[in-house]
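Got a structure for you, written out below as structure tokens; questions coming shortly.
Chain naming follows the written order as A, B, C and D, and within any one chain the residues start at number 1.
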Amino acid sequence: MSDRLKTVFCGIEFKNPVITASGTFGYGLEYAKHIDISKLGGISVKGISLRETLGNPMPRIMETTSGMLNAIGLQNVGVYKFINEKLPELRKHDTKIIVNFWGKTIDEYVEVARILDDADVDMLEMNISCPNIKEGGIAFGTDPKMTYEVTYNVKKALKNKPLMVKLSPNVTNIRVYAKACEQAGADAISAINTLLGMSVNIHTKKPHLYNVTGGLSGPAIKPVAIRMVHEAFRTVKIPIMGIGGIMDWRDVVEFGLVGASAVQVGTANFIDPEIPLKIIDDLDKYMIDNNISNFSELTGTVDLSR
Amino acid sequence: MSDRLKTVFCGIEFKNPVITASGTFGYGLEYAKHIDISKLGGISVKGISLRETLGNPMPRIMETTSGMLNAIGLQNVGVYKFINEKLPELRKHDTKIIVNFWGKTIDEYVEVARILDDADVDMLEMNISCPNIKEGGIAFGTDPKMTYEVTYNVKKALKNKPLMVKLSPNVTNIRVYAKACEQAGADAISAINTLLGMSVNIHTKKPHLYNVTGGLSGPAIKPVAIRMVHEAFRTVKIPIMGIGGIMDWRDVVEFGLVGASAVQVGTANFIDPEIPLKIIDDLDKYMIDNNISNFSELTGTVDLSR
Amino acid sequence: MKGKVVKNQQLNDKYFFLEIKSEEFVTQAHVGQFVMIKPGSQNYTHDPLLRRPLGIADVKDGKFSLVYMVVGKGTKLLSEFHENGMIEFSAPLGNRFTLLENKRVALVAGGIGIAPVYWLAKTLKNRGCVVDLYYGGRTVDDVVLLEELKENTDHLIVTTDDGSAGIKGYVTLPFKENVETYDMVYTCGPKPMLRTVSEICINADIPVEVSLDERMACGLGACLGCIIYVKEGDEIVQKRCCVEGPVFDGATIAWDKLI
Amino acid sequence: MKGKVVKNQQLNDKYFFLEIKSEEFVTQAHVGQFVMIKPGSQNYTHDPLLRRPLGIADVKDGKFSLVYMVVGKGTKLLSEFHENGMIEFSAPLGNRFTLLENKRVALVAGGIGIAPVYWLAKTLKNRGCVVDLYYGGRTVDDVVLLEELKENTDHLIVTTDDGSAGIKGYVTLPFKENVETYDMVYTCGPKPMLRTVSEICINADIPVEVSLDERMACGLGACLGCIIYVKEGDEIVQKRCCVEGPVFDGATIAWDKLI
């Protein structure tokens, strides 16, 4: 890996702009058996809450055309167990750790954030956009006032760590939400989370997911994600982490062009754990071939002239 | 084709519940050379406006993973030329004609609707959800008050023809829009139009579409469409025409289960003009095998018990 | 990982036997484990999107075998692989069966559940066990590889629901009659069958290992899409089928939460 | 429509020659028309989604031929078709070239633009024309089927940008020198070349037919995705490349709106 891949995002230096997306990479350790995770720019771990959460009943996943639906329901070990049991192991690998977290109330969001602020992690990613839990989650992400409110309060509580807010694509106008985050003091935004979808088993007549609806991810949603990152980039000045359907280096360049300063790879990790590493290598080649000395040179350089 | 496929929708009897979607089937006549269009339940023609419209500059289309983006810009011959030149030809084929229409102001919507109300067509489909024109279109479809307003005014102006309103998926909560249509007097709704998307050519750094963004259609979006029809069905009593990513009879059954009383096939027509006819045949077989005497028996029967 | 297709043989209308050459993989694999396999040769198309889990049905001479049933687009694409084509997979994944030596064991397989059982039978036989295989299917088309299975078992009892092969009726019936005679039971197949076999074993106080089959996205323990509910003392806890399984102690599975 | 792959031959690193058997189709096809072809054998996968337009490069003995260049996932998948595989397409589509008899004609082809020109050359030759083919490519790898073309033309002038085959330089140069000697010109290739050829012809007052290449979704005139701008008197009007084209009068094309 070359220096040219180094990416400064919210003042934090990532080895490269390729981070694995929350919920698709476990606590990182699951993948450490299969790939060298220290080669990653960073890892955004599975959404953490104050208390351990068991998630939704099964079935929780279903494939759709070039996508998948999930309604895991934010199952996680809780913030304390994460810090005590997962983090020390994870820290043995030389990569940045972003902790994705959520709560059911603003107070819960603030409490988890405070705890993480004092833990040995690099950055917080606040999930206000998970479509798969009834309370909290999506409600915060689909009402701009709530988005402002929760962001403002969490940011106020943080002393050490940058705060990135993860936006929901299930809104009429993502610009409003990006703006709300910026105004409330967020250091960055990440976009997008999953689109709300559903599928039904025509033989049993039951929804494929116990939760009825679930989050749609994968290459199917990439055009929506690209559009939203583009819109957000034209609206706010804080940096954007681009997410949604990334399968190869070309997708990363596309996200860069519309305004991403770094990216997250999600569903692709399921398809082949080697994908993020391959993307990093290929991106390096692309940058050499095109004489790009840093990924930031690409950010937002889409040519809108006609 | 059997009697069991007959579908009454807004009091109109369609041969079967399979209609070709607006913008994907021209004025019907283009396809008459390739398939027997009289076998279709109906045809929703390309969105018509008061005056001829030239649409957007090229490029207008781009393929995405299991989907496509389009920004045609509602090119059409205008309502008079449609009625005088296209309709008489189209009427030689024994199938129902739904006229998809749009305007830039409420007055324009009302005027086109009035003209069509007196023409030899079966039903009107009001497009308030096209993402590809700057004025009108999407603005009406992403603000519930505007949706109510335009629906109310158009409905008031109509004497003869049922009014179906086509909803945009680019909203936070489609239930609100479905409700607004119902309250304003719409006879039916159709859902969904395309999702707003974008893609960029990484070599030229230009957006693939001249219009920058475009409407995403095809199997990629089906899970979103299924979810929205499901939500709309649980919110309103007026019938729903399900649209979005239908490729085969299984998809039609899935839309039926979540609440569609009929469906529209869009992008699939591009892939193979035979698809809608094949769907009709296969649906007939499915209904025989499952002892279903009318498609309406399926409508909304998804099993939500756990 | 990549391997070369040595053979992709159609066994009957539904079933295929796929043999893949892959030296690096083979030495690490254990009986009961599975692979996540890419159901298309093309990295540039994304439908189907996810890899598909398939049990390892045999390992020998630097090759491994899979037995699969064509049920959807992934397995249909798999069936179109040509000889010498390269195929991608992650493997070996999951835990393994407990392998006894010189004991009397029963294997109970239903339909495509034969895949991991095939290798298990061979292995236990090689370890000096007396191996009885109870193998049930809906029709004659659901019981495959009978010749090979006969060679690797002491008794092969075949049943079909419609009597088109072997004894007519459920495979659990002949098994139940003899359950007391075994030191250990292994089973793989549809969940209702697995439950019945487990209950028979619990009643007879015979240990039983069950290979479970849940829809999987990652196969690596990351997505939490493949949860199995297991009793631990008074509690019911969650296990990931892909990592803590697919083999579970049949006496601990919380069947009511699974079926 | 369906046809059987008779041959899918790799010509060089990029180019393939695909021959498809399809009786019903062949009798209806005209020179200059194209097919929309499904770039995968599987109806149950939807990536790539749309059919791809390819010019008809030859028709004979109940078969038709395509020449294609692998540029993306659709053409890559096409290149993986095996002999005897069934392939789906809609055809024949679009308008056609005007076929003269017993005249002197020039064909100017650039790169993959050779596909429709191949059949055109043969046909015009059979109609008693004197056929000169100017055929340019970037490198030697972009000029294919030279033997066959030589047989079906009176003069074959090959150029490459790097001189790796034929004359070094643009194909429009040798063509321009002789333009006055022809009764009619036909051209297919990259848009800048088509424009130059058209301008040369306009200046020399020679009629020119241009086969244009626009991204297409339907190929049937329904989607309005393939608009070409054409001068009609003082007006610039829209034409659909797939129905009113792909062959246009080169003197009428509004190039500024296209390139």
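Miscellaneous remarks
Methods note: contacts are C-beta pairs under 8 Å (C-beta built on N, C-alpha and C of every residue); 3 or more make two chains touch, one makes a residue touch a chain.
Here the structure is a predicted model, which means the values were calculated and not measured.
Both chain A and chain C are touched by B, D. Chain centres computed from CA atoms place D at the largest separation from chain A.
Centroids built from CA atoms put chain D at 53 Å from chain C. Between the Cα centres of chain B and chain C there is a gap of 46 Å.
Spacing of chain B relative to chain D, judged by their CA centroids, is 36 angstrom. Of all residues in chain A, those touching 2 or more other chains are 57, 65-67, 219, listed in ascending order. The set of chain D residues that touch two or more partner chains comprises 46-48. With chains as nodes and touching pairs as edges, the resulting graph is complete, every pair of chains being joined.
Chain C makes touch with chain A in their complex at residues 38, 46-51, 88, 90, 214-227, 238, 243, 257-258. Residue ranges of chain A in contact with chain B, taken from their complex: 57, 64-67, 69, 142, 170-173, 195-200, 202, 204-207, 210, 212-213, 216, 219-224, 226-227, 230, 245, 250, 253-254, 257-258, 301-306.
The touching residues of chain A, counted against chain C in their complex, run 23-26, 30-31, 33-34, 46, 54-55, 57-63, 65-68, 70, 72, 75, 218-219, 247, 267, 269-273.
Of all residues in chain D, only 46-47 touch chain A in the complex they form.
By the touch criterion given at the top, residues 65-66, 219 of chain A touch chain D in their complex.
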